[in-house]
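Two complexes come next, and they have one chain in common, chain A, joined by chain B in the first and chain C in the second.
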Partner chain A sequence: MSTYEWLRQATAKIRFSPDREAVRRELAAHLEERVEAEKARGLPQREAEAAAAAAMGDPDVLAEELGRIHSPWWGYLWRASRAALALIALCTVWVAGHDLLDCVNGWSRPELPGRESVYADDYGIEKSVLDRWRPRGAKKLGGYRFTVPMAWVEQWEVAYEDEEGTEVREAFCGLTVCLRADTWRFWEPCSPSQYMILDNTAADSQGNRYVYDGQRTDCRSFFCRTWSQPFTTWYMVYLYLPGPEEPPEWVDIPVGCGGDAIRVDLRGEVVW
Partner chain B sequence: MARKHRLRALRNGLLCVLLLAFLWQVKGCPLPTAEMEFHRRERQHLADESEIVLRCESEAEGWLGEPAMLVGVAARTVHTASRTHRFNVWPKNPDGPTLVVLPSELALRPVLVVGLAAVEPPEQAETARLTLTLPLEAAYGEEDVRHVLTGRREGEAFLFRLQPQYDDATSRGRAEFAEVMSLTHRTAGGLPPYELAFFDSGGGHIASYTN
Partner chain C sequence: MAKKEPGSAAMLVLALLKSREMYGYEIIEELARRSNNVFQYKEGTLYPLLHTLERERLVTAREAAAPSGRMRRYYAITRRGLRELEERRAEWSAYSAAVTAILAGA
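== the complex of A and B ==
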């Protein structure tokens, strides 16, 4: 029996072709060594191959054993997973290619003032940071973990012309609280609607209450901007203070529709 | 060799899951049913989980995609939402049924129809009547319009269909149309004056509620 025929019979029961080829290569290397050994003893090529094949054993018995060891199912599964991965990768590029840009452009976070004491906001208004805090701690509401990366008091001036055309400069003072809501459930980040904050009333330790309704004269006003990312929603809450003299010791920021609030303790620099 | 195939298959499987999750996220994480979407919005708004008591189909929402509007009742609040409209929270009326406005129009053309739902009605109630006065004088300078609507029981709620009475070619009709349309954007506290009356199967009056 030639070595080719022996190899063919010995690997016939291995059903998964890549495995069959790999085992055949390995057995062929062993056969080649034996053929060289037989040739070194003086046998011609054909007889050396026949002797080497005979020395390797009964190919049918070996085929049964190899077929039992090399089950094809893991191989088929690997091939199927490879095809699925290729298809899904193609779909991702095809379907998400356009949406991805819109999606990624929608991921943003607020700019927090750095170490400088004066900065220009998104509208180009120059603001002076009078004091800033980085409260520690977190509050869990629903499936979300709320933290306050930073809060600060700032002052700015707005110039405008009155009815007579005279320039008027009006000074404002605000407390900005940056709230961050994190979750591992990327499919349901905390709602990025500003009404999560604005549909409620905020309060501070000085007895001031803050509402979004500009018609109310018994309350001060506040508003909110939001940013969203896959696992995080940011809320920037701007509260108009009476003045810069003494910021409140704490501020209660209500969040959501369940009546919950987050207390930002500025004096203790903690959230609870 | 089997181990090598197993590891490769596992690696490919994991990559497939990651790519599918990424695709799902890029597409806005859509959920298979409107009910699942409704409960997800409750969680995102930190609202109590509700039991859905009413599902309506909106013609206007149907043009945008999913036509379902849902009303859910929680311990302290009533929630209304559709896929494309804002999630609304209404405080429950401690003295009786709560009247809410559905977040989108039931019908738009050729006639505008807005839906109102009374949830947690008396158990024995078989029919209901809603008398609603649209205040047109203050905002539009037109005479107020009174509507008397008969409610249809749908499971745990009564559904009322409100449509303008006057031709929108007239100024009163236009004012009424605008007021009816604006109801879908109202939240709690923004309902016009109403009286809600419930009757049993024999037509006997059970109770009435006003705001």
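== the complex of A and C ==
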């Protein structure tokens, strides 16, 4: 029997092809060395191969044992699990990539006025900062830590055309309070609907009430914008004032639906 | 599982691999040499044994190129294999002592 035929028969019962190829390589290497040893004893090639095949034993008996040891099920399971893992990894990367892009696009923080007394806001409106504070303290509500990085009083002017096409200039004044809500639970960012119930009213130490985006004449109005980052939500609360006036000692900003409020203390030293 | 009867080929192969890693043809030659040709196995039968020992994590295997360029699969004993070898050596010692004792009285 030639070594080729012996190899073919001896590996015939290994059904998982990668295993069959590996075993064939190993047995072929052994046969080659045996053939060389027989040739070194003086046997010609053909007889050396026959002697080598005979020395290896009955290929059918060996085939049964090798087929039993190299069960194809583990091999197919390994292949299937690798394919499944690769698919899961691909899907995760695709989904995370999309979500990450959405997140990154949504990640931003408000621009706070720097040292200059005049700055341009997000809409390009030039505003003059009259007073500025960095209120201390923090409040914990529902797993979120609220702090007030900055509060300031500013005034600005808006120009527009009335119905008759006449240019009208209107002056505004407002107290802006920047709130920051931090949490380690990045999957549960602080949401305005949960922590800035906008049908509540704000109040100040002078007895003024502020209604969200209200058109009422008996009280002032305020509105809020938010910016989201993975662990932080920023709120900019704009409380409209009738004009430059002595700022209140404190302002209560409503948060949550249980009557909670963040008291922003403006009695600290004015910071420039 | 590789046969556990005292003096089985598995024990002999593990004992050879304890000294250094070897490939299949080398194991066959070394078994014959060290036993003065008492142990001359059909060479092909070594491979189901080696593959079983590998599956039982008693040996590990790696492929490496021989000086001739041929790829060889080298086997090395593991710690688990060393413990198994010691257990089988102890069983063999007890077995051979018992046989010797019986034959001495015969």
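Basically, the second predicted complex is superposed on the first by the 166 of 272 C-alpha atoms of A that agree within 3 Å, B and C clash if a C-alpha of one lies under 4 Å from a C-alpha of the other, contacts with A are read in each partner's own complex, and residues count from 1 in each chain.
Assume contacts are C-beta pairs under 8 Å (C-beta built on N, C-alpha and C of every residue); 3 or more make two chains touch, one makes a residue touch a chain.
Worth saying up front: this structure is predicted, and the values here are computed from it rather than measured.
Asks: Looking at the overlay, what does A:G57 touch: chain B (first), chain C (second), both, or neither?
Replies: In the superposed model, A:G57 contacts chain C only, not chain B.
Asks: Kindly classify A:E26 by the partners it touches after superposition: chain B alone (first), chain C alone (second), both, or neither?
Replies: It touches chain C, and chain B stays clear.
Asks: Going by the contact rule set out at the top, does A:R34 touch chain B (first), chain C (second), both, or neither?
Replies: After superposition on chain A, A:R34 lies in contact with chain C alone.
Asks: Is A:L175 touching anything from chain B or chain C once the two structures are fitted on A? First, second, both or neither.
Replies: neither
Asks: Once the structures are superposed on A, label A:A89 by its partner contacts, choosing first (chain B), second (chain C), both or neither.
Replies: A:A89 contacts chain B only, not chain C.
Asks: In the overlay, answer first, second, both or neither for which of chain B and chain C A:E188 touches.
Replies: A:E188 sits against chain B, while chain C stays out of touch.
Asks: Who contacts more of chain A, chain B or chain C?
Replies: B
Asks: Of the partners chain B and chain C, which touch A:H70 in the superposed model: first, second, both, neither?
Replies: both
Asks: I'd like to check the shared interface: which positions of chain A are touched by both chain B and chain C across the two complexes?
Replies: On chain A, the residues that contact chain B in one structure and chain C in the other are 70.
Asks: For the complex, which residues does chain A have touching chain C?
Replies: 10, 23, 25-27, 29-30, 32-34, 55-59, 62, 65-66, 69-70
Asks: Which residues, counting only chain B, touch chain A once they are in their complex?
Replies: Chain B reaches chain A through residues 1-2, 5-6, 8-9, 12-13, 15-16, 19-27, 29, 40-41, 43-48, 77, 86-87, 89, 187.
Asks: In the complex, go through chain C and note every residue touching chain A.
Replies: 23-25, 42-45, 47-48, 51-52, 55, 66, 70-73
Asks: Okay, in this complex, where on chain A does chain B touch?
Replies: 19, 22, 70-71, 74-75, 77-78, 80-82, 84-85, 88-89, 91-92, 95-96, 99-100, 103, 141-144, 186-191, 193, 195-196, 199, 230, 255-258, 260
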